[in-house]
Amino acid sequence: MPEVLVHMVEGRTPEQKKMLLQKTTQAVVESLGVRPEQVTVQIVEAKADSKAKGGILFSER
Amino acid sequence: MPEVLVHMVEGRTPEQKKMLLQKTTQAVVESLGVRPEQVTVQIVEAKADSKAKGGILFSER
Amino acid sequence: MPEVLVHMVEGRTPEQKKMLLQKTTQAVVESLGVRPEQVTVQIVEAKADSKAKGGILFSER
Amino acid sequence: MPEVLVHMVEGRTPEQKKMLLQKTTQAVVESLGVRPEQVTVQIVEAKADSKAKGGILFSER
Amino acid sequence: MPEVLVHMVEGRTPEQKKMLLQKTTQAVVESLGVRPEQVTVQIVEAKADSKAKGGILFSER
Amino acid sequence: MPEVLVHMVEGRTPEQKKMLLQKTTQAVVESLGVRPEQVTVQIVEAKADSKAKGGILFSER
């Protein structure tokens, strides 16, 4: 605990995702004083035609 | 804000998903009086063998 | 199915939330051709000090 | 209702996922006294490079 | 891992919730062959006016 | 985008939650190269009797 979910569109590089997972874990550890092993972070990716902001699909931006 | 997640099984057409994203955004805008750009909607799709209703998999229906 | 989650800050009126639940259900029904009884929508509310956009808490806006 | 989401890394067999969906449904039914048809369970899978515990990716374990 | 979220309306007894948390954990352990300590289960409760099925609020059923 | 959800038990101080929201936002910005205004983070809190790890409720630890 805690469990973090990051919802975003596909297309990031493996390096970006690794950095995201590591930095988010670190943010939780520093803020709450928990041990790193207690923190899980999962990226929930959507295809670009399955996510919209302002009603505009990411596949049409 | 708000952020909407729609959890469903794979298999809808791109047209259905586009309509879902647009109509859901519109529903939020009309109900809460926010601007469209503030609303994100993400479809979280599962394979048919990864979702069940009443204990029966969608792949076995 | 589908199951919809709407994540937002507390403070909307009961009327706004009712309209949000009804219109979102309708959006799903019209887009996917499912029956209304198949659709659940849950609002996940956060206190204003438990949500941020751009790193700025909603309690400080 | 209720709607259950299980967040985990890819790689389980179809048999494991089927058992997971069925046993989780049963757990909800027995605990809350609802009918099975009221319970949906969806597995939200991440690629091994999209999930970390303790800041260590599942693809690097 | 895995992390389980159960979305439901408020109003269950502490005994029901305890049973739900324990039985769901057990379901995951038996299905996936993980150790209990790897499994977290969180109940995400909504007020009865913040959840609907078929467009009908649980507060109006 | 992205939208981050942090699932945890109640009981953190307002200062801890503020730091969590800010540092998590910063982690996303640095990793993905997005602008802060694109990032929302919501803490989804559970009562101690509504979350378990290893089948043991946080209210009984």
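Couple of notes before you dig in:
Going in written order, the chains are labelled A, B, C, D, E and F, and every chain counts its residues from 1.
Here is the rule we go by: contacts are C-beta pairs under 8 Å (C-beta built on N, C-alpha and C of every residue); 3 or more make two chains touch, one makes a residue touch a chain.
It should be emphasised that the depicted structure is a prediction, and the values quoted were computed from it without experimental measurement.
Common neighbours of subunit D and subunit F, by the contact definition above: A, B, C, E. Homomeric contact subunit A/subunit D is classed as different-residue, with under half of its interface positions used by both copies.
Rounded to a whole number, the gap between the C-alpha centres of subunit D and subunit E is 12 angstrom. Distance between subunit B and subunit E, defined via averaged C-alpha coordinates, is recorded as 21 Å.
The distance from the centre of subunit C to the centre of subunit D, with each centre set as the mean of the Cα atoms, comes to 23 Å. Looking at subunit D, residues 1, 3, 5, 7, 26, 40, 42, 44, 51, 53 sit in touch with two or more other chains.
Taken as a graph of touching chains, this assembly has some other topology, since it is neither a line, a ring, a star nor fully connected.
Pairwise, the chains that touch each other are A-B, A-D, A-E, A-F, B-C, B-D, B-F, C-D, C-E, C-F, D-E, E-F. By the touch rule above, subunit C contacts subunit D in their complex via residues 1, 3, 40, 42. Within the complex formed with subunit C, the subunit B residues making contact are 1-9, 12, 16, 19-20, 23-24, 26-28, 30-33, 51, 53, 58.
Interface of subunit F with subunit E (complex): residues 7, 44, 46, 49-55, 57. Residue ranges on subunit D touching subunit B, taken from their complex, read 3, 5, 14, 17-18, 21-22, 25-26, 35-45.
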